[in-house]
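So, here come the structures, one by one.
Okay, so chain A shows up in both of these, paired with chain B first and chain C after.
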Partner chain A sequence: LEVSQGAQPPIPSLLSPTVTSEQIEHLHRRFKQLSQDQLTIRKENFDSIPDLEFNPIRGKIVHAFFDKRNLRQESDGLADEINFEDFLTIMSYFRPIEMNMDEEQLDRFRKEKLKFLFHMYDSDHDGKITLQEYRNVVEELLSGNPHLEKESARSIADGAMMEAASICVGQMGPDQVYEGITFEDFLKMWQGIDIETKMHVRFLNMETIAHCY
Partner chain B sequence: LLPMLAALAAGAAEARATSEGQLPGAAAMGTGTPPSPSGTAFEETRLHVFTLDYPHVQIPFEITLWILLASLAKIGFHLYHKLPSIVPESCLLILVGLLLGGIIFGAEEKSPPVMNSDVFFLYLLPPIVLDAGYFMPTRLFFENFGTIFWYAVVGTLWNAIGIGISLYGICQISAFGLTDITLLQNLLFGSLISAVDPVAVLAVFENIHVNEQLYILVFGESLLNDAITVVLYNLFKSFCQMRTIKVIDIFAGIANFFIVGIGGVLIGILLGFVAAFTTRFTHKIRVIEPLFVFLYSYLSYITAEMFHLSGIMAITACAMTMNKYVEENVSQKSYTTIKYFMKMLSSVSETLIFIFMGVSTVGKNHEWNWAFVSFTLLFCLIWRALGVFVLTQIINVFRTIPLTFKDQFIIAYGGLRGAICFSLVFLLPPAVFPRKKLFITAVIVVIFFTVFIQGITIRPLVEFLDVKRSNKKQPAVSEEIYNRFFDHVKTGIEDVCGHWGHNFWRDKFKKFDNKYLRRLLIRENQPKSSIVSLYKKLEIKHAIEMAESGMISKVPSSGSLSEYHEGKIKPLSPTEMENMREILTKNLYQIRHRTMSYNRHSLAADANEKQAKEILIRRRHSLRESLRKTNSLSRERPVLAFIFFFI
Partner chain C sequence: MEVLWAAARVGAVWLAVVLGLIVLPSALGVSLGISEAYMWVLVKTLEWATIRIERGVKKPWPLKTSTGNGIIERDETPMEKGIARLNTMDFEFSDIFYFCRKGFEAIVEDAVTQRFSSEELLSWNLLTRTNVNFHYISLRLTIVWVIGVVVRYCFLLPLRITLATIGIMSMIVGTTLVGQLPNSSVKNYLSEVVHLTCSRILVRALSGTIRYHNKENRPKKGGICVANHTSPIDAIILTNDGCYAMVGQVHGGLMGVIQRATVKACPHVWFERSEVKDRHLVMKRLREHVADESKLPILIFPEGTCINNTSVMMFKKGSFEIGGTIYPVAIKYDPQFGDAFWNSSKYNIVSYLLRIMTSWAIVCNVWYLPPMVREPDEDAVQFANRVRSAIAHQGGLTELPWDGGLKRAKVKDTFREEQQKNYSKMLVRNGSIG
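Let's look at the complex of A and B:
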């Protein structure tokens, strides 16, 4: 889908009718700023956001934009570049809930958001979060702290995996091996937490003249 | 009561006032002893084998008895376990107070001592607010700060002016006999009765466990509205005493509000930082560390009161500022002491306040007027409900998570009045307010209604409306990881779309905090991750349990699952052992304990022990398996290896 400079950008179906055209305009302007007036964005364009540098999981966030599983395509793998529609698709995972949603819609909403997070953990796209992937996440999270050794990060990840195992599988026999956290297990772990209320970004208050190099 | 009566009887029968001959006046608790005939200078008195000198110890004796009585009453309530869940403690305490007041009134035929407003504001209120401020979930508070501020300031203004004007309208109706109450007096009355009371809110909300968001909205409002209440109260009181009111006075009032609020907060923050800085140097005298916390917070309160600023906001700001840094500077024992002592003080204060309210109700301080009292109550309820509804419609536009109708109902219903308006009404100068007794009666009726009726019915209402309750789970390590991960994701996305969200300010503050504040205020500054702290805490806790139960010697070290090299472990000398023990205990003291939700009666429960045990048991199992195959450990090494792990 081509996005021309002046015309109204197309709205992907899953966003309508909840996102206003004003918000789309905002995001479009931001997209043009990031892409330097090109029609698509590549990974390198994200380097121009200064504040993102300090984010320990920067790599995973950028990766999430290009992850085809998030872009609603059946295929797997990584896209090289994304256009505005894809950009909007990713942003739609962060829209706030509305008051008039019924139970089923809320549930679907919640699952979508959790799936987004799940894909960020599961970097090799095999549908499971293995111990190694989990360790990787914890190491990245703690990478901002120079005093911590790798050992601590690993043992923490190990401990957390054990917890997950006990929640999802219950009592394990001495020879059982826990393969990894599947999406169903992931859902179970987030059961008590209201992710749908926390995972949102207010698109209206946007500083579109935000800094870019 | 028995000791008091015994003292009365003994005093009356036998008093031979020795020493100063100080006659107890019709003093605080009304237990006077008749003056004894003192002999002339030449009459010799024989040596007394046994003397009773009550006046000498009267004041501390009576204070102790009151506190003892309050605490015994508390024990009594909890003996029947179902009682506190149906009726909130505050109600029962007021009933006890009423009973006591009745006894004293009957015995002495005069009004029992009224709760001294000074005693309330200077001694009884600060511990409660300190306790609440210290354990306030700061993150939630700041996330909802806009809403809380909006309700506190605009809501209280709305209530005060609404109630004042409508009551004035009622007073104009000559049939009720109230025409001598002026508009200003009504406005003053409105301002003092519209203040939601933190003590009452805490007392009622801690038992019903609504979700943290609702709790923080109501409770935060009750704290922040102190600024507005102070300003309005003083403003209208001065206006009542002034002959003319100019426009400049109104502007002075508005400016006063800002000074009161901001000044109070600044004093609190300043003293909070000073306290944090002081605790940086207390590692040689750990025993008096808790004292600094209490002294500095109380100092912030009375300093604010000295300038007629908002003492409540000062002490809250001080506690919230101090909390983070003090936690890391003081020893574990001091930290526990602080927490327990704070809870104890606030519990005693709260009990005393409610009992005194009951006692002060009995007596001759009342003037009953059906119209005034009933309309006051009606208007309080109506204006509160209207206010919450209208304000919520406006603030929902700015909130990402709009407040539902259920939330609004609970917020409106949870607007309880309590001891603050009670004390404020007693402070009214009777010369300016000839109908003061009428006001007192009206305030008491409103307070009793909110505390009893609303307090008792709010729990079944919460269940009936199926309001979301609080999640009592303790944080597990994986949850901490997920939360942290999620925060970073959200911040990242906000950065990508160029959005200055809440997280932006929080991140900026965190950076500033890490760079400057922590270096200055914390003794051994090692930037810590909360994930690591929580994890270490769980591990070490279990390690101690294991060491104590003597199981360690059989168990191999719990190093990393997959990598275990024999070369790492070497025999250690006694001095090295000593060093390691030091390091181990130091790690203990630095553990940061997060309290999840506020609870008056208990500190946060221990971490999920079963989970921690489960984790370590599994790990040991798998290690034992792997080591059984390699068989490379001798007996003594495991202990050292285990300790070595923690370095």
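Let's look at the complex of A and C:
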């Protein structure tokens, strides 16, 4: 295979065998494009994608690529740059479901995706989504509209947190403080709701077709 | 001494052959059929190569189906449906899902950056530069490839360089001579002859095979000709079949010499660098030119930059505010024989020309579309989009609303804020807020 930067890195086990080598090659080419032929990508490299500019949570998405919790490293914090293997690791969170998955695999799958999302909310990495962190996310989603004041964003966030609290903790006493949504609470909130089909990117099937001029 | 004489004789024979077989027919506008024969041999060879590649493959080998449209299934649901509420919560985590997915799709592949790199081929055309996916197949194929290299670099390249030199020289000399004449119909006629001849020589210098469709719609005097832009040789492709007044910035070097010479013979519109900044001045000069019915039609490329010929990007509205009749032209290159796209961030003009001259050929189709005029209730932007649709439709190119300037710059903030406003409006409407 034509890989100009030496041998291809080992494919993370989460991806194989459902991702073909062709798709890996495509992603590698895309990686090279984004990194401008360097071996690693930095945050600045994501600035060159026009489609991404439109995304209100662009910051959080890019951040997710460098979040060490997503990169399966035991350490915490943010990486400065990621290589192709890390890139593939993050991509693996968006695998579509396969037909032949059993219960346990499906459950693990779902947890992985929800964990990814949880990390996106939990920006201080303390394992809880606090009210302030939730407000941050809402504000980002609504940023850019001059007609919406900060107050509206806050009230949305507060309302959602209250709802979350009632699902997770039930009735709270008058002096009880809900500290934040833990990952278990997060899972509870999404029980029974199908998120797997919302959070995947499906590759087109590359068929063998010969062309003759 | 002997060697020098022998070399001189070979050189003279070479020159005589070139002049007789190529330059003279160009001047007279006839074709000796040499290019056609060459193309026939080329097509047969490539067909053979493709069959051998397929036969040589042991396991089913994924050849791409349509490379122009990307590798992932994009979710085209509009924002409203995508954020359908999953449960009763007012403001949803589900909005996060939607934007997350969109973000990932954009990161894996975006429709814009694709257009600034060369189109990928479905089957190999025996040029290593397009050899991105293809492996070693067989000895015979490799031998053919080696022969191809020899033919291209040792025979075609010197031939083409000779022709290009002759073409440019005659252009400069010819137009300077014609420029000495006083303004008259004779001068115009001679200037047309010179321009056409030199264009034809230059097209042959690139081994260009051009097919013109709908010649009855060819741009007439006093009109504006508008075309999609893929490379600097677009202008030569078009002037091969008619005379135009070029519009552009004054360059230095060889290009500047050509510009100064040709403007004496024919009223091309060259702008100094300082004048280009002043939009009103530019418009005024172009309007004056178009208003004069006896002047040749002007040639403009409204995309402003080279795109890789799989899509048509945003047309700048300036050309469409001048008035007059617009004659749209669609140019589509066949990438199998040579890649005409100029990736200006990767190659400079000299290496680009060398690549063109060491390809097999430049094959393209040119369609002249029926003239269009701006409707009274249309503004320039809508008119520009209408013309662009017509060109994209004819040439089989996709339309993108993006600005070609994105090759070098980032998305304008105003564009991004539009999108965010849309999203917030939707939240308000759904009663989530207030």
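Miscellaneous remarks
Methods note: the second predicted complex is superposed on the first by the 194 of 213 C-alpha atoms of A that agree within 3 Å, B and C clash if a C-alpha of one lies under 4 Å from a C-alpha of the other, contacts with A are read in each partner's own complex, and residues count from 1 in each chain.
Keep in mind that, in the parts below, a residue touches a chain if its C-beta (ideal position, glycine included) is under 8 Å from a C-beta of that chain, and two chains touch if they have at least 3 such contacts.
Here the structure is a predicted model, which means the values were calculated and not measured.
Steric overlap between chain B and chain C is present once the structures are superposed on chain A.
By the touch criterion defined above, A:D158 lies against chain B but remains apart from chain C after alignment on the C-alpha atoms of chain A. By the document's definition of touching, of the two partners only chain B reaches A:S166; chain C does not. Of the two partner chains, chain C is the only one touched by A:E22; chain B is not. In the overlay built on the shared chain, the residue A:Q36 is in contact with neither chain B nor chain C. In the superposition on chain A, A:S48 contacts chain C only, with no contact to chain B.
Once chain A of one complex is fitted onto chain A of the other, the partner contacts of A:L117 extend to both chain B and chain C. Looking at the shared chain after the overlay, A:Q132 reaches neither chain B nor chain C.
Legend: residue contacts after superposition of the two complexes on their common chain; A:Q105 is shown touching neither chain B nor chain C. Stretch 98-106 is the one among 62-70, 98-106, 170-178 or 206-214 where chain C clashes with chain B after the superposition on chain A. Applying the stated touch rule to the two superposed structures, the overlap between the chain B and chain C interfaces on chain A comprises residues 27, 30, 33-34, 46, 49, 51-52, 54-58, 61, 91, 94, 117, 120, 137-138, 141-142, 145, 147-148, 152, 155-156, 159-160, 163, 189-190, 193, 195, 198-203, 206-210. The touching residues of chain A, when paired with chain B in their complex, are 27, 30, 33-34, 46, 49, 51-52, 54-58, 60-61, 65, 91, 94, 96-97, 99, 117, 120, 137-138, 141-142, 145, 147-148, 151-152, 154-156, 158-160, 162-166, 172, 174, 189-190, 192-193, 195, 197-203, 205-210.
Chain C makes touch with chain A in their complex at residues 43, 46-47, 50-51, 54, 60-65, 70-73, 86-87, 89-91, 93-113, 117, 122-123, 131-133, 336, 402, 406, 410-411, 415-417, 419-421, 423-425, 427-428, 432-434. Residues 2, 20, 22-23, 25-27, 30, 33-34, 46-58, 61, 91, 94, 117, 120, 137-138, 141-145, 147-148, 152, 155-157, 159-160, 163, 189-190, 193, 195, 198-204, 206-213 of chain A touch chain C in their complex. Every residue of chain B that touches chain A in the complex is listed here, in rising order: 400-402, 404, 471, 473, 476-479, 481-482, 484-486, 488-501, 504, 507, 526-529, 531-532, 535, 538-539, 559-561, 611, 614-615, 618-619, 621, 625.
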